[in-house]
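Structure in structure tokens, see below.
Order of writing sets the labels: A, B, C and D. Residues in every chain begin at 1.
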């Protein structure tokens, strides 16, 4: 299945602004994050800590809604889902 | 000596916007008010109470500065002075 | 800029003119003739020399009291229709908190001390708007 | 009107468009690119669908919470120079207290929840402006 990943600000500079990932059916949000961590390489330190966990300040969305950290392993994505990843907002 | 009297808002409707009074040298602010009270006639009730005293909400100025009620009898005017009389302000 | 005008107040050009490089926030208060129970128009009059002096004093006081960069106040007088701008206050500051606080302080002070009066005209009558301030100190 | 734009924000025409007969007060917040320690320009980016939805939610919340008549918010993105308007918020109300309170509330909320980011460009470098908000709830 296809998952779109949008990254913004510093994370966009690391991951690109709009990625298309091809994942096996039934993939969880945790699987998406593992894929992104591998892509990011060393630069991923801004997003993931040394254990590979998403840093606490990172905001994660699925189809425009915030995803709770507790759901990462259980949240199964669907074909066409949009995942977004960004640092704290700074508009205004 | 000549004294200009400016009145505003409701008081302008009663007294006129710009009066020139001709008073004897040494006239006090109290004398100006007596002259104005006589001019205003019955309509002067908005400005003066039944004893002829300036109502408490009336603002009185001499040359653009507020005049304290305690000074009315002692404040001697000079030729060319401008006296102003108005109700509470309502701009904005 | 501090002023009393009989012309239409152009908020856009005043905001652009108020901008300076150190500013991150401009807070603007725009007072407008409100259709309040059938008001059709309003006439405003001013004791101009004293009003200008009071507006300058309010600006100077606000500049001392708040960490702000600029204060502009223009008040219109004459005959105004519903929806027309009576008053524009612009406060420019590095940061927004100070700009909001100063702008609100300025309009509160203006309503207490600046010698301007409003008469409202209805279809079937007219009245002088009572002031917010008390009487003589 | 709620919007994200890449064009210059015209405060004057937005204020005129916001006026309605029942309004006596319009309070406007204008955020501007500040020359902060040598900033020359700024680039803003947005997660647009989510930003629009958040701005609408902020407007609806403010309309419920305060006795106000209207809320307009336009946020600019793209490349901006010092002095250019980043953001315009206009709150119209019958009376000023509510307009001030609602406008300040809206900008505070906007800085916490609307997915927009700013990168500052200096003569010799660049940096992402840190957000005011904390991390994930």
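We adopt the following convention: a residue touches a chain if its C-beta (ideal position, glycine included) is under 8 Å from a C-beta of that chain, and two chains touch if they have at least 3 such contacts.
Everything numeric here is computed off the predicted structure, so don't read it as measured data.
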| item | value |
| --- | --- |
| Shortest contact path, chain B to chain D, counted in steps | 2 |
Pieces of the assembly without chain D, by contact: A | B, C
| item | value |
| --- | --- |
| Centroid spacing, where centroids are CA-atom means, of chain A and chain C in whole angstrom | 50 |
| Rounded Å distance between chain C and chain D, as computed from the means of their C-alpha atoms | 23 |
| Whole-Å gap between the CA centroids of chain A and chain D | 27 |
| Interface hub residues of chain C, defined as touching at least two other chains | 31, 107 |
| Interface hub residues of chain A, defined as touching at least two other chains | none |
| Pairwise chain contacts under the document criterion | A-D, B-C, C-D |
| Complex interface listing, chain C residues touching chain D | 10-13, 15-16, 19-36, 82-83, 94, 96, 99-100, 103-104, 107 |
| In the complex with chain A, residue positions of chain D that touch it | 31, 44-47, 49-51, 53, 75, 86-87, 107, 110-119, 128-137 |
| Chain D-touching residues of chain A, taken from the complex the two chains share | 6, 8-10, 12, 55-61, 64, 66, 69, 84, 86-92 |
